[in-house]
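After this come two complexes, each holding chain A, first together with chain B and then together with chain C.
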Partner chain A sequence: MKLSCLQENLSKGLNIVGRSVATRSTLPITQNVLLAAEQSQLKLVTTNLEMATTCWIGAKVEQEGAITIPARLLTDFVNSLPNDLIEITLPPNSHMLEFNSGRIRAHMNGIDAEDFPPTPQINNGIITHIEADALRQGITQVVFAAATEESRPVLAGINTEFENEQLNLVAADGYRLALHKMPLASTIEQQYTVIIPARTLNELNHLLGNQQDPVEITINEQRSQVLFRLKNVEIVSQLIQGSFPDYSQVIPKSYTTRAVVDITEFMRVAKMSSVFARNANGIIRLLITPGADLNAGKITISAQAEEIGDNVSEVDALVDGEEAKIAFNVKYLSDVLSSIPQSQIALEISTPSSPGVIRPIGVDNYVHVIMPMFVQW
Partner chain B sequence: MWQVIGQDKILALLDYSLKSGDIAHAYLLLGPQHVGKRTLAISFAQALNCDGQGAPCGQCASCRRIWEGKHSDVISIGLGVRRAISIDDIRELQHLANLPPYEGKHRVFIIDGAEYLSVEAANALLKILEEPPPKLTWLLLASDDQYLLPTVVSRCQRLELRPLPREQMRRFLIESRQVEWSKADLLSRLSQGCLGWALSALDGDEWLEQRCQVVSKLSSLLDTSFAERFDYAQARAAELEKKHEPAVELVNAWFGWWRDLLLTKMNGMESIANIDYQDLLRAQASVLSLVEIREFIGKLYKMQQGLVNNANLRLMFEWLMVNMPRKELLHE
Partner chain C sequence: MPIKVLAPGVISQIAAGEVIENPASVVKELVENSLDAGASQIKVEVQGGGIELIGVVDDGAGISAAEVELAFQRHATSKITDVDDLSSTSTLGFRGEALSSIAAAAEVELYTQAASEVVGSRIRLSQGKVVRQESRSRPRGTTVTMRWLFRHLPARLKFLKSASREESRIVHLLTQYALAFPEVKFRLLVDQHLNFETTGDGSLRGVVACLYGREMAQKMLVIEGEGTTPALSGLLSPPSLTRSNRSYISIFVNRRWVRSPLLIKATEVAYRGLLMEGRHPIAVINLALPSADVDVNVHPAKAQVRFRDEQMLFSMVQESLRAVLSQVPIATEKTVPFTTSSRQGESSWELHDREASVIAPLPTIELPVLRVLGQLSNTYIIAEGPDGLYLVDQHAAHERIRYERILAQWKRQEVEVQGLLSPVTVELNPRQEATLKSNRELLVQFGFSLEPFGSRSYLMRAVPVLIANTNVVEAITTLLDNLAAREDPVPWQEKIARTLACHSAIRGGQQLSREEMGELIRQLERAEQPRTCPHGRPTMIHLTSHQIEKEFGRIV
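Let's look at the complex of A and B:
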């Protein structure tokens, strides 16, 4: 194997694939990155057995070949090189990769490329496309609501529903639920559902920032793996097996009180309350009062921590319906508020013990449900 | 073709399961150390992922990757240098358990030394065993199921590996490993039916020499003075301090010798392990009474218990030496 490429490109490529290097693994080779020189490109591959990332960077290949190198070592080294041409050579029948760049030389001991777990090949199956921006917004708005612990494996994933020309992303962790709907760039015939690990979508989200063209999504026939094809990057992810709970029942069909409020103001007040709430299991209380006569409606937000102190603040709101109250975990409230790009939201509640619903004003593609906390009023 | 020698009953059962596609979500492979649990586990993993004919073929890429420990769907965790298998190991597997196979057809997670699972780890494992994901088989390897949580045991299909009959092992060593008859005979007797043990003893020749030294020494103590016996006790205690495994091995060597004495006394020479010492065994057995032999074996059991309970090694050896019968041997 013999090639040369620019430090900048190699560094960028390693950064992209570095996100799916195994951190702690029973299979040591998954902590390595596979380098394969083919035609006029250098292919970089990493996998943590949950997702595999492949990235191609431009290179001048004189002789094809492949080797795996510890990812950490290679990335740290390449990042510290000046932006210059790097010559990479692997002598035949050797595992010692040689680097030459200007006045710098290095050798790295690698493991045979044959031992690297083969990246799952997904050639046929169900193919569709989606605009990168839409997908990015969708992921941002749901991924934080997925469960982080493993006790219910399906909840650690994002329920992904393809319906003709629409894509629904749903995440829930038992305390909250986020549902985002977006249009597909190319319609598909049938309707089907898969569960994609939240981590995969998180990593995909990081890469979508530089993506202009629509993303190609392919799901294999066994529905066990999904492929996201971006410019010069491919992510293959395992799909979580199992079925997602029926979430439609969780979303309340009606409400008694609806408050439309400015996000920035609401967010600022919620953050302020969290200073006290963090010592009180994160509880903040919301009291929604409709406007009367000349007074505008308002939401009163209070937090109190035993032996520490308390705080009460008010924000103006357009209230529809009766007076109502509800208590939330402040973290769940600020998570959802910070993910909404619109300027206003509607908060819909009925009783202190039924879930609260948050919808952005001006679009109808997002619903967020938060379970209330039970407190003494 | 299975790489496993013996265990015909288990192989027949597994073959049937493979053919009918009726694979249990967890198997508990029980048997003494070196009896072939690991080999069986790897072979079964190969069979579940084999691309060739007559699974496990051992030839296809998948079989070879599994054999070399490179297959990403066959993950094995073991004790290594640690004292227990921790909950973190199980959590890691738990995460992978709910994903489909990465490169193969069926995921196989092997826990080598399931008796060393910490209580938390065993309980975490229990949770996955209760709701088994599809296309995943757990293989728990243990020497004895009494150290496992009964709740874990009850959720696994038990497969008990039997020690290999002496004849069969001797034949295998002679035919497949070109071992000469007398050595093959000795190894088949010493290994107590554990082929893995015999093969590792065969690969390291120094092991057989060491064993000769150990047996010569312990067998020579019957007609020696107490001073010499105490020297022996002191030397062993110094040598084996804080080395649990070798101490257990030494006590097992003692057991082996006195078991042989008992067999010799009872005219069961054909079953003895230390076949290369049969003259000395005969001489010693002739001066010992059956009661003396039996009582001393009882002492060895106490010694073994003492090791488990971390008793003072030197005291135990000295106690053993005092309690060993003293006999004059007739030297020819």
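Let's look at the complex of A and C:
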């Protein structure tokens, strides 16, 4: 194997694939990155056995070949090199990869590429496309609501529904639910539902940042794997098997009180309350008062921590309906508020023990449901 | 077989069996006689596990020559005269069965001289009959020597344990008397070697020092009865000092050693949450009750007692001991494995000099302000305090914080509950279901909302906030299993709080950020019992600056 490439490209590529390197694994080779010189490209692959990331960078290949090198070592070394041409050579029948860049030389001991877990090939199945921006927003608005606790594996994934021209992403952890709907760039013939690990979508989200073109999504025929194809990058991930709970029952159809409030203001106050709430299991109490006569409607937010202190603050709100109160975990509230790009939201509630609903004003592609905390009032 | 009245010899042998079961009961009867005779010194000699020989020498009142022979008759006693005396007796013995029973079971020689007489008498009995009697002078007191226990009763001999077992029973028994009577000088010789000797100077701590060692005696805490009824006094080990069995809990009612499961339990309950599982305290507890409130005449051996108001006594003992314990700083007592405390042996140990410093008021449990330095093995937080290094077990510490918070919320009836978006189905086994049914109310108070949903399955609609981000199904099933476990005498609410705390606390092996560790330590500082987890494991180990400097050889 013999090739040369630019430090800048190699460094970028390693940072992209670096996110799916196994951190703790019983299979040591998964902590390595696979380097394969093919035609006029250098292919970089990492896998943690749940997902694999492949990235191609431009290179001048003199002799094809492949080797795996500890990812951390290689990334740290390449990041510290000046932006210059790097020559990479692997002598025949050797595992010692040689680097030459200007006046710098280095050798790294690798493991045979044959031993690297093969990346699943997904060529046929259901193929569709989606705008990168829309996907990024969708992932951002649901992924935090997925369960981190793994007793119910399906809840650690995002329920992904392809419906003709539409893609729905749903996440729920038992206490809250987020549903985001977005248009597909290419229509799909039938309805299709898979559960994608939240971790995979999180990593994908990071890579979508500098993606302009639509993302190609392929689901294999066995519905066991999904492939996201970006420019020069591919992510393959296992899908979570099982069926997602029927969430349509969970989203309340009606409300008795609806408050429209400015997000920035609401967010600021919630953050302030969390200073106290974090010592009280995150509980904040919301009291929604409708406007009367000349007084505007408002939401009164309070938090109190035993033996520490308390705070109360108010934000103006356009309140429709009767006075109502509800208690939330402040984390759940600020998670959703910080994921909404619009400037206002509507908070819809009925009783202190039934779920509260948050919807952005101006769009109807997002619903967030939070189950309240039952507290003494 | 026709019915007939048994011969007197047979009757006395049967009766003897009630009082004399083993060599230790012979020692017990003889020592009690000596104590009742007002002895200030008692020497006990044992050979062959007490089967071959038991000798008890005292300097008590002695028996006058005229009464010597009478002493060996059944129900002959100097201690009571009529039934009314039974309820007011203050002597250890009163049934008048001891000497006659021993004489029926073995060869006995009594050598005694009463203070008022110029000459003593010596009498020897075999199988309950006098074989020799003579007048002989000796210092005031009584010597009883018993040889060959159960020699003529092979059936009983068969049931004795090995000599070494019988011997340890005697040692344990005599230990108890030594603890009960610090003003009497006890001396025990086993196979002609000195087993222990007490000073007889009246100091209980001194007796503990002689029996259990000086180091232990120094650390024992004083129980002060302050005129309560019943009056309670004695010594109690701090939680850092434990033993692996209960035999170090000695309880005396009106100076009589009793085996009272009730009071032993009260003692252990007082230590709840302070000791590790399987560890037991060392305690010497003296209870003074009006003799009308206690009945010792349950069994000839008098080891069992009945109390008039058991419930009151239980809570009184438990609360008094708890009050003593709550004043102890715990972890500083913890010895660090690789070094020994340098304080011992620095001067010749003087009992009374030490007394003052040990009884001096101890500070309440409070942690010093700790500064987090880092995390060890993702399990222990390393922190620096004003006096050295602290290693904090993150799981145990968090468990303690959670436990206190859960119980506090429950007591204020302010348990915080997180609703579930859609109910979770919980499948229970029959035992879990039975536990659930009988504890439904309590579980609701702690924040669980469960509705029946078909056979043995339940819908969970809400959970306590603290466990919301854990496996809630596992939490409720573990909880039900723990509640069903009977051997643990802890009240239900504490069991629930313990399980929830354990379930929701951060685990060992979890990496924590500096902020998280700081927060954990701050919360631990505010805990009421920061030194132990609810199961009694220590939350921290303290390496004092002194120990560190000593290890590095900076000081000698």
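The rule we apply is simple: the second predicted complex is superposed on the first by the 377 of 377 C-alpha atoms of A that agree within 3 Å, B and C clash if a C-alpha of one lies under 4 Å from a C-alpha of the other, contacts with A are read in each partner's own complex, and residues count from 1 in each chain.
Here, a residue touches a chain if its C-beta (ideal position, glycine included) is under 8 Å from a C-beta of that chain, and two chains touch if they have at least 3 such contacts.
As the structure is a computational prediction, the values presented were derived from the model and not from experiment.
Novice: So if we stack both complexes on chain A, do chain B and chain C clash, or do they fit?
Specialist: fit
Novice: So, does A:T257 touch the first partner chain B, the second partner chain C, both, or neither?
Specialist: neither
Novice: Which partner chains sit in contact with A:N168 here, chain B, chain C, both or neither? Use first/second/both/neither.
Specialist: Neither: A:N168 stays clear of chain B and chain C.
Novice: Of the partners chain B and chain C, which touch A:R24 in the superposed model: first, second, both, neither?
Specialist: first
Novice: Touching A:P372, do we find chain B (first), chain C (second), both, or neither?
Specialist: In the superposition, A:P372 contacts chain C only.
Novice: Is A:Q304 touching anything from chain B or chain C once the two structures are fitted on A? First, second, both or neither.
Specialist: neither
Novice: Put simply, what angle do chain B and chain C open at chain A, by C-alpha centres, to the nearest 10°?
Specialist: The angle comes out at 50 degrees.
Novice: Between chain B (first) and chain C (second), which does A:R176 come into contact with in this model arrangement: first, second, both, or neither?
Specialist: In the superposition, A:R176 touches chain C alone.
Novice: One more residue to check, A:P120. First (chain B), second (chain C), both or neither?
Specialist: First partner only, chain B.
Novice: Enter the shortest inter-chain Cα distance between chain B and chain C once the structures share a common frame, rounded to whole Å.
Specialist: 8
Novice: Quick check on the output: what are the common chain A residues between the chain B footprint and the chain C footprint?
Specialist: Touching chain B and chain C on chain A: residues 151.
Novice: Within their complex, state which residues of chain B touch chain A.
Specialist: 68, 70-72, 75-77, 89, 91-103, 127, 133-135
Novice: Provide the residue numbers of chain A that touch chain B in the complex, in ascending order.
Specialist: 24-27, 29-30, 47, 49-50, 115, 117-118, 120, 150-151, 153-154, 156, 197, 222, 224-225, 238-242
Novice: Please give the residue numbers of chain C that touch chain A in the complex, ascending.
Specialist: Contacts found on chain C: 408, 413-414, 416-422, 424, 447, 462, 465-466, 468-474, 526.
Novice: Going by the contact rule set out above, which residues of chain A touch chain C in the complex?
Specialist: 148-149, 151, 172, 174-177, 245, 247, 249-250, 280-283, 306-307, 329, 353, 355, 369, 371-376
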